[in-house]
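In what follows, subunit A forms one complex with subunit B and a second complex with subunit C.
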Partner chain A sequence: MLSSVGIGLVILVLILSFLIIYIACLDLKISRQTVEKKIYNLSLFQITFTVLSFFTLIIAFISSDFSLINVYENSHTNKPFFYKIAGTWGSHEGSLLLWVNILVIFSYLFLVFNHTHNKNFRLYTLIFQNILILGFLFFLLLNSNPFSSIYPVPIEGLGLNPILQDPALAIHPPLLYVGFVGCSIYFSAAMASLVSGYSGKLFAISIKTWVKISWCFQTLGIIVGSIWAYYELGWGGFWFWDPVENASLLPWFAITALMHSLIVLEKRNALYSWVIILCLLTFILSVTGTFLVRSGILNSVHTFASDPSRGIYILLFLSFMIFSSLIIFFSKYKKETYNFNLKSREIFILANNWFMAFFLVTVLIGMLYPIFLDVLTSVKISVGPPFFNIVIIPLVVPFMFLMAVGPKFGWIKSKNKIFHKFLILILGAGTINLFIFYFSGKYSLLSNLIFISAIFLILHSLLDLKNFINNRNKLELPRIISHLGFGLLVFFIGINHQFSIEEDFNLKVGEIKKTNTYKISFEEIKIKESKNYKAVIGNFKLTNLKNNLVQNLGPEIRIYSNPETLTYEAAIRTKIHSDLYLTMSNVSRSDYYNIKFQKKPFMIWIWISALMISLGGFVQLTLKKNEN
Partner chain B sequence: MLTKKVKKRILFLFSIFLLSAIAIFFIIKSLNRNILYFSSPTEIKQREDIPFGKAMRVGGMVQKGSIIINKKDIQFKVTDFENEILISYSGAVPNLFAEEKGVVAEGRLRDKNFFIADRILAKHDENYMPPEIKEIIKKNVK
Partner chain C sequence: MKISFVKIIIFSLIIFILIVFWRGLKINNNYDTKSLIGNRISNFKLFEINNEDRYIYEEDLKKNKYTLINFFASWCAPCRAEHKFLLNLLNENKEIKIIGINFKDKKINANNFLKELGNPYDFVGIDTDGKTSILFGIYGIPESILIDSELTVIKKIVGPIGQVQYDDITKLTQ
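This part shows the complex of A and B:
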């Protein structure tokens, strides 16, 4: 029953999309200043039906209606209630429905909230957005229908991959999707702007809120994914330069560049074409990432639910998007003349864009090179983390210096007066670095530079924060928070990287292992039964040899019943200055348990500073509301 | 005679070109140094120019009954159903590591029969098989 309701709703949405495109095309020719009422109503219907179809799927998951293949494959009656709901977007089909939902929601909101802007621009945006909606709806119906039914109806479902049954991963896809699919609206707006000629400053104002919303959610989504990787995968790392992680990073670089150059377009009415390119690029990269991940072309440890037949459709649609956007861009391209002074804020924003483009190209090459090589020569290679670290990390140094200094310059032209303050701050940063270097051991020249530039950025942002407290110029606050967050992030990652301790060994129950700093004794194992898994919990007593502090950690081996899978749950003791991280695994029921013990300084601060970066964006969103 | 404006523009374009060229040069250069080649046990046996001491990946199936665990490390044999190689690894293994399952190990060759891994790659999905291993199975198992 739910199957036909769902499919019916999706088909209704499809028909409404066609109708909206048709009526919007008619409305374009009428020379009135307002968008016809009919279009609002149709859009309202469209969003209602889309959201209803999503709720239908959620209900199917909650009620464990196994007549739907998607529910059968990804759910189980034993599953906790929360993960039944999260299962809705845990599979490829369900997440595609979420994808369509976000396309439609953004389409509607853009139409409603931008009523002050040019009519034709809004209509074109609506048309382009609905073409995107149609594309993904066809994909959903033809290839990945979440409402496909199965007969005879199975009694029990297969269950959700246990590694996905986790709070962070339950909210990770919706966050990331709002971020990635949210980009669609300014992809459409950019196309509309080219076609309707509604350009420059006004265009910047019309898309600026949407860019910020999707930036915030993308940033947050990436952070949540990384937190999940840290505590769930049991390697104790949080970023592996894995192809799937890279795929999420590509649009982030583009959108960050966009967010900065959009300010130039708004304030100085320049860089229009470049902003358009970035708008188009951000969404194209989002779809490319999805294509590479979902088609199984990228060989990644994070690959869930890949299937090559999906790839071909997404690839076709992607090429259609790229070609049509290129054709429209070049047929409407107007030459612009730039006249920027070297000592102006514009130049620094351009510098930011240069760095973003560089990072983007680096990650893209590292990601695609193995694919090309495989196709051309069938040699199988993979590009390891050292490549990304070697290319990207040195450039973070000048990047952070510019990031600190840039906002100090005014628009158009600035004077040299602020120069001596920079010098003092650099000296300050150097001194602090010297202290760290002296008291906690040696590190390389590059690490020194990283620390100095990070501290420089932190000091600078703190100084800005002090100024903010004095003069209360609210517009500066989001930038200060985000830039301070970035400085802190690099600083703590640096510290964490330099001073982490890692030990790997195997222990039997009752044995003791001594490392340089800790005595680890494996006391006992306990068995605990839970609703949908059985857990083997190890009891470890850790004695710090310096201050004789004793702590107990309990890593788990979980045996899930549906589907039958093992997972290893790390025991993490988070303190303000460091994390203790212990994982235990067992192979073929051997007496020995494989133990990984790590002490990672300032882990919690890495998360806090990363969250600060996205917090800056959210603060800005609330500011905009207050102003209006 | 070039005007000041044209000169400035040429300088600007030239510096952008130069920066991009330098950037691409460094990217490609460090890319070539940090590639991990993937080999099957048979390829390791047969190839003459296999580099020892350089990071690489080996993959195949974990041979049945080959896992030995002692105080320090885990040793197991990876097979492509023609040849096999002994792999030693210390640390916690990924959750889907088991006998007769596909595995990819990252590390260095000691000699043609012995590989020291620093990382065992995990897959999150029990149905997922790395493409390289899929190919090996297709080739060798009828």
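This part shows the complex of A and C:
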């Protein structure tokens, strides 16, 4: 029953999209200043039906209605309630429905909230957005229908992949989707701006809130994914330059560049074409990432059961998007000339954009090169962390310097004598850096530079924070939080990298292993039965040899029943100054267990500073219009 | 729209990328080793563990009637267990040559391993980073692949070789 309800709702949304496009096209020819009332009503119906279809799927998951293939393949009656709901977007089909939901929601909100803007611009945006909606609706109905039914109805479902049964991962996809699919609205708006000629400052104002919203969610989504990897995958790392992580970074670089250059467009009415390119690029990269992940070209923890026909459809739609946007862009392109003073904020924002473009191209090449090589020469290689670390990290140094200095300059031209302050701060940063290296004992030029530039950025942001407390200029606060967050992030990652300890050894119950700083004793093994898994829990006693502090850690090996899978759960003891990280895995045919012990300083601070970056964006969203 | 050099470059680049994506869809990314049987091994070059100037490649294996390629490491406990079967194969089955590929291991440990347990291998290749093994569709070790003189895979053994697998190999090579 739910199957027909769901399909019926989706088809209604499809019909409404056609109607909206048709009526919007008619409305374009009428010389009235306001948008036809009918369009509002149709959009309201559209959003209602879309959201209802999503709720239908959620209900199917909650009630374990296995007459739906999607529920049968991704759920199980024994699954905890929370993960039944999360299962809705855990599969390819369900997540596509979420995708369509976000397209429709953004479409509606853009129409309603931008009522002060030019009518034709809004109508064109609506038309382009509905073309996108149609594209994904057809994909959903023809190829990836979450409401497909199965007969005879199975008694029990297959269950959700256990590594996805994690709170961080349950919220990770919706966050990312708001971030990535939210970009669609300014893709449509950029196309509309080209076609309707509604450009410049007003265009910037019309899209800036949407850019910020999607930036915040993208940033948060990426961070949550990284936290999940740290807690769940059991490697003790938090960023792996995995192809799918890279796929998520590409639109993030583009959108971060966009968010900055949009300010220039708003304040100085310059860089219009560049802003348009970034608007188009951000969503195109989002869809490209989706294509690479869903088609199974990239192999990683994110791989959905792959299906080439799925890939071909997304690829066709992607090509359609790219070519239509390029043709419209080139046919409307007008050359802009601008003359920025070297000591102006514009120049620094432009510099930010060049860095972002560089990072984007580097990651893009690192991600695509193995695919190209495989296709053209059948040679399989993988481009891993060494490549990205070598190419990207050195560039982070000047990037952070500019990030600290840039906001100090005013628009158009500055005459401030601020250079002596820079000098003092650099000296300060250098001194702190010396202390760090005195304690670490490891020396490399690059890590010194990283620390100096990070501390420089932190000091600068702290001074700004002090100024903010004095003069309460709210406009500056979001920027200060985000920049401070970035400086702290790089700083703590650097510290973490320098001072981490890692030991790898085999132990059996009753044995003791001594490292330089810790005594690790394997006390016993316990078996625990849980609702949907059985766990083998090791009890380890860790004694810190310096202060004789004793802690107990219990890493687990979990055997999930539906589907039958083995996962390794790290035992993590988080403290304000460091994390203790212990994983255990069984060595087959022996009573030894392989133990991986890590001590990672300031892990919690890495998360806090990363969250600060996105917090800055959220703070900006809360600022009222007149303050903004 | 006027046609300019830049536009041509941009369009051809994008078309190229899209074509590569399209071709990429057809590539089998799955290292499922079941499909390996009946396929021919090609395109490999193995370097000697103690002398990286020495290597073998496809043509060298064509001289053997049968070759068993065995993936092992000193840190792998089941590899120890299967070792005596490999030695038996060496002594009792004259049709087979055994090639060892040392997987993600340290040279010293690998050599000690062979010194301690005996060396059944006709040639010991090195695969420090595990890339060569990916070419052979190896998930983990121990694994072994039996190929004939045409380099066609006739059997793939995942996990250690025991008496059952040993008998299978003997049957297949008679």
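Everything that follows uses one rule, which is that the second predicted complex is superposed on the first by the 617 of 628 C-alpha atoms of A that agree within 3 Å, B and C clash if a C-alpha of one lies under 4 Å from a C-alpha of the other, contacts with A are read in each partner's own complex, and residues count from 1 in each chain.
Going forward, a residue touches a chain if its C-beta (ideal position, glycine included) is under 8 Å from a C-beta of that chain, and two chains touch if they have at least 3 such contacts.
Quantities reported herein were computed from a predicted structural model and do not represent experimental measurements.
Of the two partner chains placed by superposition, A:S148 touches none, neither subunit B nor subunit C.
Once the two complexes are overlaid on the shared chain, A:S273 sits clear of subunit B and of subunit C alike. Once the two complexes are overlaid on the shared chain, A:G311 sits against subunit C while remaining clear of subunit B.
Residue contacts after overlaying the shared chain place A:F372 against subunit C, while subunit B stays out of touching range. Of the two partner chains, subunit C is the only one touched by A:S331; subunit B is not. Looking at the shared chain after the overlay, A:S295 reaches subunit C, while subunit B stays out of its contact range. The partner that reaches more residues of subunit A, of the two candidates subunit B and subunit C, is B. In the superposed model, A:I322 lies in contact with subunit C only, and not with subunit B.
Of the two partner chains placed by the overlay, subunit B and subunit C both lie in contact with A:K380. By the document's definition of touching, of the two partners only subunit B reaches A:I390; subunit C does not.
Once the two complexes are overlaid on chain A, the subunit A residues touched by subunit B in the first and by subunit C in the second are 296, 299, 306, 380-381, 587-588, 590, 592. Touching subunit A in their complex are the following residues of subunit B: 19, 23-24, 26-28, 30-31, 33-38, 55, 57, 67, 69-74, 90-99, 106, 121-126, 128, 130-132.
Subunit A contributes residues 161, 163-164, 233-234, 296, 299, 301-306, 354, 358, 361-362, 365-366, 369, 379-384, 386-387, 390-391, 504-507, 563, 565-568, 583-585, 587-588, 590, 592, 594-596 to its touches with subunit B in the complex. Per the touch definition, subunit C reaches subunit A in the complex via residues 1, 7, 10-11, 14, 17-18, 20-27, 29, 43, 77-78, 81, 131, 134-135.
Across the interface of their complex, subunit C is touched by residues 291-292, 295-297, 299, 306, 308, 311-312, 315, 318-319, 322-323, 326-327, 330-331, 368, 371-372, 374-376, 378, 380-381, 587-590, 592 of subunit A.
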